[in-house]
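Going in written order, the chains are labelled A, B, C, D, E and F, and every chain counts its residues from 1.
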Amino acid sequence: MQIKNILVATLIGFIFWVLLNNTLDPLILAIGAGLALILALLFCARCNVFSELKVTPAAFGYTFLYLGVFLVELVKSNLDVASRVITPSLPINPGIVEVKTHLKSRMGRMILANSITLTPGTLTIDIHEDTLYIHWIDVQTEDKQGATEKIVRKFEKYLEKIYG
Amino acid sequence: MLKKIFFLLVLAGFAVMLFNAYGLSGPDQQLNDVAAHYAEKGPQEVGAANLVASVIVTYRGLDTLGEVTILFLAASIIGFFLKARRDNQRAPKQVRKTSEILETAAKVITPVIFLFGIYVFINGHLTPGGGFQGGAIIASGLVLMLLANPVKKINHNIIRVIESISGFSFILLGIFGLLLAGGFLDNAFLPLGDFGTLLSAGAVPLIYIFIGLKVGAELSGIVSNLQETQKEQI
Amino acid sequence: MELLAIIGALITLAGSIFLLLGAIGLLRMPDSYNRIQAGTKASTLGTILSFAGILLIMPGWWGKLLVLIISVIITNPVSSHVLARAAHYMGVPLTKTTLVDKYREEEEYIAVKDQNNEST
Amino acid sequence: MILKLIAIVLALAILLMGVIAVENKKLVVAVIAAGVVSLFASVFYLLLAAPDVAMTEAAIGSGLSTIIFFYVLNKIKKDRKDHA
Amino acid sequence: MVETILTIAAGIMLLSLILSIIRFIKGPCYTDRVISFDVMTIASLAIIATVAYLTQRIIYLDIAMVYGILSFLGVLVVARYLERGL
Amino acid sequence: MEHISLSQIAIVAGILLILIGLWAIISQRNIIKMIIGFSLFDTGIHIVMVGVGYVRGKTAPVLDEAVNVKEAARQIVDPLPQALVLTAIVIGLGITALMLAYALRLYQKKKTLDVKKFNDLKW
């Protein structure tokens, strides 16, 4: 478990380094690998952020599927908010609702909250255990189940496959 | 009222002086001699693609040494001045807990910020950046750690050790330059290498690494001292 | 190649229009939470689209532009979440047409009223 | 041409934010406005073809010095709460 | 052609910068000012990328990275200060 | 628009910013406001110095594939003011932090930030 954690952190740092340098010179790659390993050992040895990540072929597939769904939602709901903004009468009826999530891992919940925040119309205000408090620009239902069905479900079914 | 008029008079005097000085500045058409020398001879003499880096590290190296000294003095005065009593039991800080999202995000982002700081000062002689900017970025990574976990204790001994070692190595490299090459902080005692690659410009990358670690440690010391200072110590 | 560059430029133009819409939303929305919604997120999409457009124009710059896009996607929602949490803690009022505030019922709610007399 | 337009707008914004930073009664707003001055100055340095200075100003002027200001304001506020 | 479109885009970005400055001046609460600070930095990021294309220098993108990281930290610090968590 | 150059804009803006900072230093009574004025003053000086070093139509002094190394002297701006400003910014941060630490301790002694109240040495 610990080893997977460090390996994933090292891999993320290494990919970041390669993208930043934009070259495949072996010396630079070696320096980047060493630095990423050292930093992962220093900072990620005790925090178990990545240990719930599932490394299976299905998880990779779902990651790409999730990215596609996320981008489509991002553009679609941005257009929605933009149309609200330029309408002269400003048709909003905001409110703060609560929703539930099934995700257990911290990383999964963070990605879920960030996705909810980035798709406009909804904004995560706080998170307690498995309850998320969400500011919704156009409240359609006030009860917990209906809001969960409308906001969380479309992301959660992919994130469940990637994170535990 | 009278005081305001007096202030306005002072400001007007300064304004007249400064705009007169503006009239003295020359036309912005071509470089002066010193800058032309740096631009023409710099790539052969120093070998750094970033001419600002070559000016800072070698041509004006003594200025940089003085600057690092000033920063060290400021950091140690702040540390001495705001020193909190660490031995006796102090009351736990009354802060609002961080949200879980920020904690998790900070755990992911902090190593990346540190890596980016290291990238900035390793590539200081090729791209914009260098020791000072990299050190500032490293210190801001430490700030992110403190923000995500406000009650965390920073180990000051590690900061002090890193700062001393890198400061000592910086001076040592300067003396190497004095002994093996033309003068103090001359970078030519290592081979200049191919222009525009990572291992070029002699000792400039090494000097920038040490400056970066030293500045990062000093700024981290300032920030953590300001964060954990207590009310009374005298 | 030329066509790709023109498509990229048009994408950048679309991104800048999203930025403008975000700024207009920042001006028009009635309370802080709605301003966070309209302001920071429409402009996030705008920035991502501008970077993507420049990536299409200059394909040689893909590494740094990709890093920029990823960092914007990761950092922006976190900062707006922390800001909204702080706003709710400070007791920044919601607008009058707000339907429901479930968070207030749950959280131990400490309004910070003396926040404004910071000056001397 | 567009670079000059950007430069003029940024210069006016810098001066406006400077006036706000001096004249506003609330210290928090003043500190944020000083941070914005540094931020715009950083873009201005970029237009003046000084990327090194722009990077330093972005990292130190608008980042770390705002952070240090807020740590000190936090200590002062906590003290004021204890004694008032 | 490309440069003309990008020039117009840069002009629109400047316009959004000016609008967020207006919100900074008006803003009734601290949080409004912090939001407009955030929008200003995001718009500046886009302006920096456009300037980097118009002057054909890739090195300007490094400044955009530093800018993004430190504006994120600035918003976090102000928010944590306002909710008494610093 | 044609006859003004970027360096003229920079120098005028920088001088006005210096005056704003000076106004803050001599007219405000709050210590934190005076420190803010000092940092504005600093920024103004830096803008003026970089503006003096700018040469019309030239690019940044970093020699990569966009700049020909042989003809660098005709393509780049002056690197020396940039190096000086870079060191000045870092020193400015150190001085600002030092002043803020003093201001904090002064506040903790007197419970006020008003400079008019610090009259121990006045006679």
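Please note the rule applied: contacts are C-beta pairs under 8 Å (C-beta built on N, C-alpha and C of every residue); 3 or more make two chains touch, one makes a residue touch a chain.
For clarity, every value in this text was computed on a predicted model and none was experimentally measured.
Novice: Determine the shortest chain-contact distance, in steps, between chain A and chain E.
Specialist: So the least number of steps between the two chains is 2.
Novice: Any idea whether E-F or A-B has more C-beta pairs in contact?
Specialist: Looking at E-F and A-B side by side, A-B shows more C-beta contacts.
Novice: How many angstrom between the C-alpha centroids of chain F and chain C?
Specialist: 30
Novice: Between chain C and chain E, what distance separates the C-alpha centroids? Give it in angstrom.
Specialist: Comparing mean C-alpha positions, chain E is 10 Å from chain C.
Novice: So how far apart, in whole Å, are chain A and chain D when each is placed at the average of its C-alpha atoms?
Specialist: Once rounded, the distance between the two centres reads 31 Å.
Novice: Provide the list of chain F residues touching at least two other chains, using ranges where the numbers run on.
Specialist: 7, 12, 23, 30, 54, 59-62, 64, 76-77, 82-83, 86, 89-90, 93, 97, 100-101, 104, 108, 113
Novice: At which residue positions does chain B touch at least two other chains?
Specialist: 50, 52, 96, 99, 101-102, 105, 108, 116, 120, 127-129, 132-133, 137, 140, 143, 219, 222, 226-227, 229, 231
Novice: Would you please write down the residue numbers of chain E that are in contact with two or more other chains?
Specialist: Only 10, 17, 30, 34, 55, 57-59, 62-63, 65-66, 69-70, 73, 76-77, 80, 82-84, 86 qualify.
Novice: Which residues of chain F touch chain E in the complex?
Specialist: 59-60, 62, 64, 66
Novice: Which stretch or stretches of chain E touch chain C in the complex?
Specialist: On the chain E side, the touching residues are 1-2, 5-6, 8-10, 12-13, 15-17, 19-20, 22-23, 29-32, 34-36, 38-39, 42-43, 45-46, 49-50, 52-53, 58, 61-62, 64-65, 68-69, 72, 75-76, 79-80, 82-84.
Novice: Which of the residues in chain B come into contact with chain D in the complex?
Specialist: Listed in rising order, the residues of chain B that touch chain D are 50, 52-53, 120, 128-130, 132-133, 136-137, 139-140, 143, 219, 222-223, 226-227, 229, 231.
Novice: Could you list, by residue number, the parts of chain C that touch chain B in their complex?
Specialist: 74-75, 78, 81-82, 85, 89
Novice: Mind pulling up the chain F residues that touch chain B in the complex?
Specialist: 5, 7, 11-12, 15, 18-19, 22-23, 26-27, 52, 54-56, 60-64, 69, 72-73, 76-80, 82-84, 86-87, 89-91, 93-95, 97-98, 100-102, 104-105, 108
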